[in-house]
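Shared between the two complexes below is subunit A, which has subunit B as its partner in the first and subunit C in the second.
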Partner chain A sequence: MDLGHYAPLGAEALLTAVSLLVVLVGLFTKGRSSLPGYLSLAALIVAMWMVLTAQTGTVFFYDSLRVDGFSQFFKAVFILVSLLVVIASLTRYNGRPGGDEYFALLLMATVGMMVVASAIDLVSLFIGFELASLSTYAMAGFDRTKKNLEAAMKYFLYGAASSAFMLFGFSMLYGMTGSTRIADIAGASLAAFNPAILIALIFVVVGFAFKMALVPFHMWAPDTYEGAPALVSALLAAGSKKMGFAAAFRVILIALLALKLEWYMAFAILAAVTMTIGNLVACWQNNVRRILAYSSIAQAGYISIAFVVLGVASEGMTGPNNLPLDQYALAGGLLLVLGHAIMKTGAFISTAQVASIAKNTEDPDDISNYAGLGRRAPITAFCMTIFMFALAGIPPTAGYFGKFVVFGSAIYGGLVWLAVLAILNSALSLYYYLRIISYMYLREPAGPKISESKGYVLSLLLALIATFWIGVLPDGFFNWAMQAAAALLP
Partner chain B sequence: MYADYAYLIVGLPVLAFILTIFFGWHLPRGGGFLTVLATFIGFIISAGIFLETFPEKVVHQSMHWFATLNVGILIDPLALVMLLMVTFVCTLIHTYALGYMNGDPGMARYFAEAGLFTAAMLGLVYSDNLLQLFIFWELVGLCSYLLIGFWYRKPSAASAAKKAFLTTRVGDVMFLAGIILLYNNMAKLGLPEGTYLLQFPVIYENLTKIDPTQLTLVSLLLLGGAAGKSGQFPLDIWLPDAMEGPTTVSAMIHAATMVTAGVYLVARMFPLFYAAPYGLLAVAYVGGFTALYAATMGLAAFDIKRVLAFSTVSQLGYMMLALGVGSVVGAAAVGVSMFHLIGHSFFKALLFLCAGSVIHAVATNDLREMGAVGRYMRWTAGTMAIGGLALAGFPGTTGFFSKDEILVTAWEYGAVTHDYLPYIFGIVGALLTAFYTFRMWFLTFTGEPRSDYHKHESPWIMVGPLVILALFALFFGMPAQEGFYETVGNNFAHYGVDFEELAPIGGHVVEHGGEHGEEAAVHEPFIIKILPILVGVGGILLALLFYSPWRKLDIRKFVGEKDLLRTILVKRYYQHEIFTAWFAETVVYGISLIANIFDIRIVDGVLNKISETTLGFANSIRRAQTGVIQNYITALVFGIVVLVIVIKLAMEVGL
Partner chain C sequence: MISNAISIMIAVPLIGAVLAFLTRSRGQARLVALIASLVPLALALQMYTEFDKSSKLMQFVESYNWVPSIGVRYTVGVDCISFPLVLLTAIVSVLVVIYAWGENHRPNQFFALLLLNEVGVLGVFTALDFFLFYIFWEIVLIPMFFLIGIWGGPRKDYSAIKFFIYTHVASLVMLLAIFAMYFTYRLPDGSRTFDMLTLLQATADKSIFPPGLINAIFAGLLFGFLVKMPAFPFHTWLPDAHVEAPTAGSVVLAALLLKMGGYGIFRVILPMLPHVDKAFVTVIAVIGVLSIIYGAFLALAQKDIKKLVAYSSISHMGFVTLGAVAFTWLSIQGAMFQQFSHGIITCALFMSAGTIQHSVGTRIISELGGLADRMPKFASLMLAAFLASLGLPGMSGFVAEFMVLTGSYPTFPVYTLLVVFTSVGVTAGYHLWACQKVLFGPILKKYLDIHDPHAYEILAMSAIVFLTLLFGLQPALITDMMGTAAHQVMEPVVTLSQMGVI
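Let's turn to the complex of A and B:
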C-alpha cells in the first residue's frame, strides 16, 4: 500500500490517533495529567499546517472522500475553532478529572467535521456527521449540571430527529438513482421521479436545516447554547453548525443542483425568515448566550442567501469585476462561515470568562453580569466589543467583508428584496450588540476588577487578531474562498 | 538601505503610542522620552533616505490591499522635505514638552496622543495614494481633536475641540467627495487590470484623459478639504479657538505640521490643479484673501497665542497663494510654496514655543498683563525676536527668501494675466504681518510689568529647542534655497508629468519653457524687487514707532476704543457672530428645532410604532420558545408543511 497517496488525509489520521492517545494517557494517569490538553493543542497546530499545505484534487477510498480547495477551507475553519476552544479550555479542563475525555471528544468531533467537509459520498458524509454529533452530544452535558443535561438532552433529541430526516432523504435518493455518490446523483435525471423527489428534497433540506439551525428548525439551538458549557457552545455554534453548511453546500448545491428551481424559493423564504426572526428574538433576550445563539441563527440566515443566489444564478451571470456570480456568492458564503466561526468562538469564550466571575450565580450569563466589564476585565470586554461590532458587520472587521460579498451577490443576482431585508436586519442586530457593549462600558461595575484567565485571554486575542486581519487585508482570504468555491462548483 | 526601514518612520511612533498609553503612568515624565526617541529615529531614517536618494531617486514601495487599492510608501523630494521637517520639528517639540508638560497629571496621555499624531502625520506625508492619505488625514484630525481638548474639564477647551472637529469635517466631506469623484473618473478610463486607481503616479499619468470639467470639480472639492485642514477662509474659524490646547500642541499641530497638510495636499495634487481650468485660480484667491484677511485680525488680538494663530492662518494663505500663482510658472511654484512651508514651520514652531515659555512663566495669555518679560527671560526674548524677524520677512532670515519669492511670483502672475489682486493681497498682508508680529513682541517683552507674574527663565529642556529652532529660522534660508527650489520644483519630473501638455487643458498661457525660464520672460521693475524688503522693514519700524519703549506715536490718538474698524477687527469680522452665533446657533439650530419637531412627531413616531410593533412581535415569537419539546415539534411540522407547499408550488407553477 502506498502510504504517500494518503498524505492529504494526514490531518484526520493525526487527530484520530492523538484522540486515542489522549484517552490512553488519561487512563494511565487517572485523568490527573495535563498532557491531554497540550497534546491536543500540538496535534491541532500540526493538523492546521497539514491541511493548509495538503495537495488537493485527490480522491480516496473508492470515491468517498475528496481533498479539494473546498474541503480544505472548511477543515481550516474547523481546526481553527477547535484550536481556539482548546486554548481556552486549557485552564478550565486540563488536568481535571475527565479532562482527557473532554479533549478526546473534542478531537473526535473535529475529525468528524473534517470528514464531512471532504465527503463526496452520502454514506461517508453521514458517518462524519454522526461522529461529530455523537461526540458533541456527550460534550454538551459535560459539566453534568442540571442545565447541561437539559441542553444535552434537547440537542440529542433534535440531532437524532435531524439525522433521521437526513438519512431518510438519502435513502430515497439512493432508491431513485442507485448510487450514494454525489456525482452520480447529480448526473441522474431526478425530475423524472416526481413526486418522490419532492419528499426526498424536503427531507434532505429539513435534515440540514436542523443542523444549520434555520427557522423554524432552530429551536434546539438557543436552549443548547445556553445550557451547555460555554466553551462547548463555542464549538457547537462556530464549528458543528458550520459542518451543516459544508454538507448542505455539497449535497444541495451539487447533488441536487438540477432541482435548483424547486429549492431556491424554499431557501429564499428560509433565509428571510431565519435572519428576521433570529434578530427580532435576540432583541428580547437578557441572557447573553441566548443573544449569541439567536445572533448565530440570524447569521445562518445571511449565509443561506448564498444558496438562493446560486439557485437563481444562470450561466454567464457575473458579479463585480466579471467574476462568475455563482462562484462569487459561494465565496461570500464561505467568508461569512469563516468570519462567523472566529467571531462566535471569541464571543462565547468571552461569556465563559464572564460566567466564571459572575456575581449573579443564578444565571451566570445574565446581561447584568456584564455591567462595567470594561473596568473589571478590560481585555475580555475590549475583545467582546470588537466581536460584537464584527458580528454586526462594522468595517474593518471580518464580519463586514463576508456580508459585503454575500449581500452584493444577492443584488447582482437580482434579489434586491433579499439584500434589502438582510441590510435592514443588520441594522436591527446593532440593537442587541450595542446593548451588550453599553452594559460593559456605561454601567457601574458589578464587582471588583478580576484577573483574567490566561487561556481565555490568549484565545481571545488570537480571535481578535484574526478578526482584524480578515477585515483589513481581505484580499487573500477572498481569493482563497474563490478558489474553494471554484473547487466545489462544476 | 535606509529606505528599507521607511515603514519604521510611522511604526516607531505607533509603538511609542502603545507603550505610553499602557505603561506611561509608571514611567518618569509619562514615558515622554519614548515618543521623543521614536520621532528622533524617524528623523535619522529620513535623513538617511535623503542622503541615499538625493537628488535623483524616488523611493516607492507598494503592497496590494484589495480590489484596485493598495497601501504604499512614496518618498519623492516633496514628501522627503516634509518627512525631514516633521520629524525634526516634532522631535524638538516633544523634547520641549518634556519640560512644559511636566507635572501635568495627564502627561502619559499627552505623549501617547502626541506619538499617535506624529505617526499619523508622517503616514499622511509618505502615503502613495489618496485613500491612504485620507485615512491618515482623518487620524491627524482625530488627534488634533483629542489634543485641543486635552484639558477636557475646561469647558472652553472641550468646545474648541468640538468646533475644530466639526469645521474640519466640513472640509473632509468635500475631500472625500473629491476622492470618490476622481476614483470614478479614473475607473472609467479602462486602465489595465491591476492598476491602482488612486495611486499618485497613476493619477499624474492619466490626467490628460480625464474630462477637464470633472478635473475642475475634483480640484475644487480637494481645495475644500485643504481649506478645512489649513484654516483657509471661510473654514478658518476653528484655528484661533484651537489655541485652547497646550501650547506644545499649538506649536506642533496648529502651526508646524497638521495645518500644513492642506497645503501639502494641494502641492501633492499640483498637476491635477494645474490641469483643471480655474483650479489654481481658486487656490490663488482663497490663499491670497486669507493671507490678508487673517493678518488684519492679528492686529487687534490681545491673546499672544491668538496673534500667532492668526499669523499661521495668514502664512498658510501665502503658501496657498504661492501654489495658486503657479499657473504662470508651473511646477516651480511647488518649490516656492514648500520652501515657505518648511521655513514657516521652523519659525512658527519657534514663536509658539517662545509664547509657551512666556506663558509657562507668566501664567497668562493676555498681552495686556505682560510687559518687560524680556528682562527676566533673555533667551526666550532673544529667540522670539529671531522668530519674529523671520516671520516679518526681515532680509537674510529664512522667512525673507520664501516670502520674497512668493510676492515676486504673484507679481509675475499679475503681469501675465493682468490680475494684480493676489499680489496686492500679498503685499499688504506682508506689511501687516511685520507690524502685528512686533507689536506682540514689544508688548510682551518691553516696557514695564503690567501685572505681578513669576519672573524666571524656563528650564534648559525648554530653552534648548528654542535655540536650535532659532538657528534654523535665522540660517536655514540662505544656503538651502536654490537647491530646494531645484529639487522640489522638479518633483513631478520623476513621474514624467509634462506641464506644457497640461497647460492647454487648464487654459494657462505658456510663455516660457524650461526651468526658471520665467525670470527671463518677465522683467519685474526694481521697485517690485525691493518692495517686499520695504514692507517687511517698514512694518517693523511702524511697530517700533507705536509700541516700543522708544515710541514716538501713541496708538490711542489714531484709533479710539470704539472705532468701527477696530471693533470689527477685535470681533474678528463678526465671524463668531455669523458662523457660530447666527449660522450655527440660530439658523442651523432653528432648522434643527423644526427638524426635531418633525423628527419627534413624525419620524420618531413612526419609528417608535415600528419598533414597538417589532419588539411586540418579537416578544410574541419569543413566547413560542417555551422549552417544552412538544411545542418545538409543532413548529417543525409547521415548517415542513410550509416547505412542502413552497416546493410543490415551485414544481407546478415555477416561482
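Let's turn to the complex of A and C:
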C-alpha cells in the first residue's frame, strides 16, 4: 500500500488519531490534564495547513471520497470554526473533569464534517453526517444543565428524523439508479422514473432543509442554539449547519441536476420564506442566542439563493468578467458560508463571555445582560458590534461581500424579486442587530467592569481580523471560492 | 504636489480615529482629533492652490486594482463637482472638533467617531468606483448611529435606529440600481466594471440601456439620494435624528451627510437626466419646490429651536434639488454653491442651538428671551448666522439662492415664482422671529446668571461667520470651480481613460 497516495486525506487521519489520543490522555490523567486542549489546538492548526496545501483532484476508497477545491474549501471552513471554538474553550473546559471528552468529541465532529465535504458517494456522505451529528448531540448536553439536556434532546430527535428523511430519499435514488455514487446518479436518466423521483426529491430536499434549518423545518435550531452550551452553539450554527450546505450542494446540484426545473422553484420559495420568517421572528426575541439562531436561519435563506440562481442559470449565461453565472452564484454562496461561519462563531463566543458574567442568572442570555457591555467588557462588545454589522451586511466586512456576490448573481439571473426581497430582509435584520448594539453601547452598564477571559478574547480577535480581511481584500477569497465552485460544477 | 494626496487625506483621519479611540484622557483624544482633522484641511488647501479651476477633467486621480475578478478598482479623484465639497468637509471637520473641545462624556470614542465620519464623507466625495462609493456611503452611517445613540437626547435609541434603518434602506435601493448598471454594461473586452464615469457614460447609449431599464435605474439612484438629502416626502428621519443628536453630530449630519445626497444628484443623476423619461424632471422639480415650501412652513411651526433649524435644512436643500433639475448653467452653479454655503451656515445654526441648550438648559423658544443681554458675543454670532441663513445679501446664502432662483426661472417660471412668493417671506419670518424671541427683549429673571460660552465655541462660530461673509462677498473663490462643474454636468460624461489619466 502506498501511503503517499493518501496524503491528501492526512488532515482527517491526523484529527481522528488525535481525538483518540485525547481520550487516552484523559483516561490516564483522570481528565485533569490540560494536554487535551492544547493537543487539539495543535492538531487543528496542522490540519488546516494540510487542507490548504493538499493536492486536489484525487479520488479515494473506490470512488467514495474526493479531494477537490470544493471539499477543501468546506474543510477549511470547518477547521477554522473548530479552531476558534477550541481556542475559546481552553479556559472553559480544558483541565476540567470531562474536558478530554469535550475536545475528543469536537475533533470527531470536525472529522465527520470533513468527510461530508469530500463525500461523492451517498453512503459515505451519510456516515460523515452521522459521525458529526452523534458527536454534536453529546456536546449539546455537555454541561448537563436542564436547559442543555432539553436542547440536546430536541436536537437529537429532529436530527434523527431528518436523517431518516434523507436516508429514505437516498434509498429511493439507489433503487432507481442502482448506484449510490453521485456521478452515477447524475448520469442516470432520472426523469424516466416519474413520479417516484419526485417523492425521492421531496425526501432529500426535506432532509437537507432540516439540516440547513430552512423554514418550515427550522424549529429545532433556536431551541438548540439557546439551550446548548454557548461554545457548542457556535460549533453547531457555524460548523455543523454548513455541513448541510456542503452535502446539499453536492447532492442537489450535481446528482439531481437533471431535475433542476423541479427543485429550483422549491428552493426559491424556501429561500424567500426562510429569510423573511427568520428575520421577522428575530425582531421579537429577547434572548440574544435566540436572536442569533433566527439570524442564522435568515442567513441560510440568503445562502439558498445560490441554489435558485444555479437552477435558472443556463448555458452561456455569464456573470462578471465572462465568468459563468452558475459558478459565480455558487462562489457567492460559498463566500456567504465562509463569512457566516466566522461571524457566527464570533457572535456565539461573545454570548459565552457575557453569559459567564451575567447578573440575570435566570436567563444568562437575556438581552438585558448586554446593557452597557461596551464599558464592562470593551473588547467583547467591540467584536460583537463588528459581527452584528457584518451579519447585517454593512461594508467593508465579510458579510457584505458575500451578500454582494449572491444578490448580484440573483439580479443577473433575472430573479429581481428574490434579490429585492433579500435586500429588504437585509434592512429588516438591521433592526435586531442594532438593538443588540444599542444595548451594549447606549445603555447604562448592568454591572461592574469585568476581566475578559483570554481564550475568548483571542478567538474573538481572530474572527474579527478574518471578518475584515475578507471584506477589505476579497479578491483572493473570491478566486478561492470560484475555484471551489469550478471543482464542483460539471 | 503631494502624490496620493486624496488617499492620505482619507487615511489620516482613519488612523486618527483608531488612535483617538485608544487614548486614555480627553486632552489626548481631542489633540489627536484636531491634528488628524487639520491634516486633511492642509492637504485640501494645498490642493486648492494647485487645482485647475477651468478643467473639466478629474484631477489628483489615483487608481489601483482592488478586486480584479469582479472589476472593482480603488479609484479616487476630484473634479470641479467634488472638490468644493472636499474642501467643505475638511473645514467643517476641524471646526466641529474645535466646537466639541469640551466634550466630557466618553471623549475618546466621541472624537474617534467624528474622525471616522470624516473618513466616510471624504471617501464618498472622492470615490470614482461605485463599489468604493457604496462602501464609504455606508460607513458614514456607523459613526452617526453611535453619535446619536450615545450622546443623544432622551429618545436617542429610537432616533438612532430610525436614522440607520431609514437611510440604509435607501442605500440598498441605490445598490440595486448600481447592480443593474453593472450587469448591463460590458467593457469592450467583455469584462465588467464598477467605474462610475464609464457606467454613467454608457447610460447615454440607448442600445445598451433601453428606456425601461434606464428609467428604473434612474429611479433607484434618485431615491437613494433624495432620502439622504432629505427631500419631501422622505425627510421624516431627519428631524428625529437632529433633535436627538448631540450638537457636533447635528453639525456633521446637516453640513456633510446631507451634502452626500446633493453630490449624488450632481455626480450621477444629472448626467443621466437627458436620457430618461422627461416626467422625472417635473417630479424632481416638484419635490424640490415642496421641500422648500413645506420645510419653511414646518420650521415656522416649531417650538424647539433645534427642530426649527432642522426643518430649515430641508427647505434649504430643496434649493439644491430645484437648481439642479432646472438644468441651466446658472441654476446648477447656484445649486452647487447652495450645497457649499448651506454646509457652512448650518454649522453655525446648530452650534447656536447647542450652545443655548447647554448654557440655558432649554431649547424651547417660548421659554427663552433676552439672551443678548448676558451673552453678547454669542448673540451677535447667532444673529449673523441666522441672517446668513435667511439670505441676507452680502452673505453666502443670498448668493446661492439668488443664483438658483434666477437660473431656474427660464425652466420653471411658475415653480420659481411660487417659491419666491411663499417661501422667501416665511423663511425670513421664522429666522427673525426665532432670533427676536431668543436673543432680544428683556432678559428673563431666571437667566440672569448665564454668560457667554467657552472661547472655543465662540472661535468655531466666528470662523463660520467669517467664511459666510468671505464667500458672500467674494463667491468667485469657489464659484469659478462650480461654473466649470456646471458646464461639465451638462455635457456628456468623459471617462478617466478618455481623459488620459489612467
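Annotations for the structure displayed:
Keep in mind that, in the parts below, the second predicted complex is superposed on the first by the 490 of 490 C-alpha atoms of A that agree within 3 Å, B and C clash if a C-alpha of one lies under 4 Å from a C-alpha of the other, contacts with A are read in each partner's own complex, and residues count from 1 in each chain.
The rule is short, and it goes like this: a contact is a pair of C-beta atoms (placed from the backbone, for glycine too) under 8 Å apart; a residue touches a chain by one contact, two chains touch by 3 or more.
This structure is a prediction, so every number in the text was calculated from the model and none was measured.
Looking at the shared chain after the overlay, A:Leu442 reaches subunit C, while subunit B stays out of its contact range.
Shared-chain residue A:Leu280: touches subunit B; no touch with subunit C.
Of the two partner chains, neither subunit B nor subunit C is touched by A:Ile45. Applying the stated contact rule after C-alpha superposition, one finds that A:Met482 touches subunit C and leaves subunit B untouched. Once the two complexes are laid over each other on the shared chain, residue contacts for A:Tyr412 go to subunit C alone; subunit B is not touched.
Legend: residue contacts after superposition of the two complexes on their common chain; A:Pro396 is shown touching subunit C, with no touch to subunit B.
Touch criterion met: A:Asp223 reaches subunit B, while subunit C stays clear of it.
In the superposed model, A:Pro474 lies in contact with both subunit B and subunit C. Applying the stated contact rule after C-alpha superposition, one finds that A:Leu157 touches subunit B and leaves subunit C untouched. When both complexes are aligned on chain A by C-alpha atoms, subunit A residues 321, 474-475, 478 touch subunit B in the first and subunit C in the second. By the touch rule above, subunit B contacts subunit A in their complex via residues 64-67, 614-615, 617-619, 621-622, 625, 627, 629, 632, 635-636, 638-640, 642-644, 646-651, 654-655.
Residues 66-71, 134-135, 138-139, 141-142, 145-146, 149-150, 156-157, 160-161, 164-165, 168-169, 172-173, 175-176, 179-180, 182-183, 190-192 of subunit C are the ones that touch subunit A when the two sit in their complex. For subunit A in complex with subunit C, the residues that touch the partner chain are 319-323, 389, 394-396, 400, 405, 407-408, 411-412, 419-420, 423-424, 426-427, 430-431, 434-435, 437-438, 441-442, 474-475, 478-479, 482. Every residue of subunit A that touches subunit B in the complex is listed here, in rising order: 154, 157-158, 161, 194, 198, 201-202, 205-206, 209, 215-217, 219-220, 222-223, 261-266, 269-270, 277, 280-281, 283-285, 321, 428, 473-475, 478.
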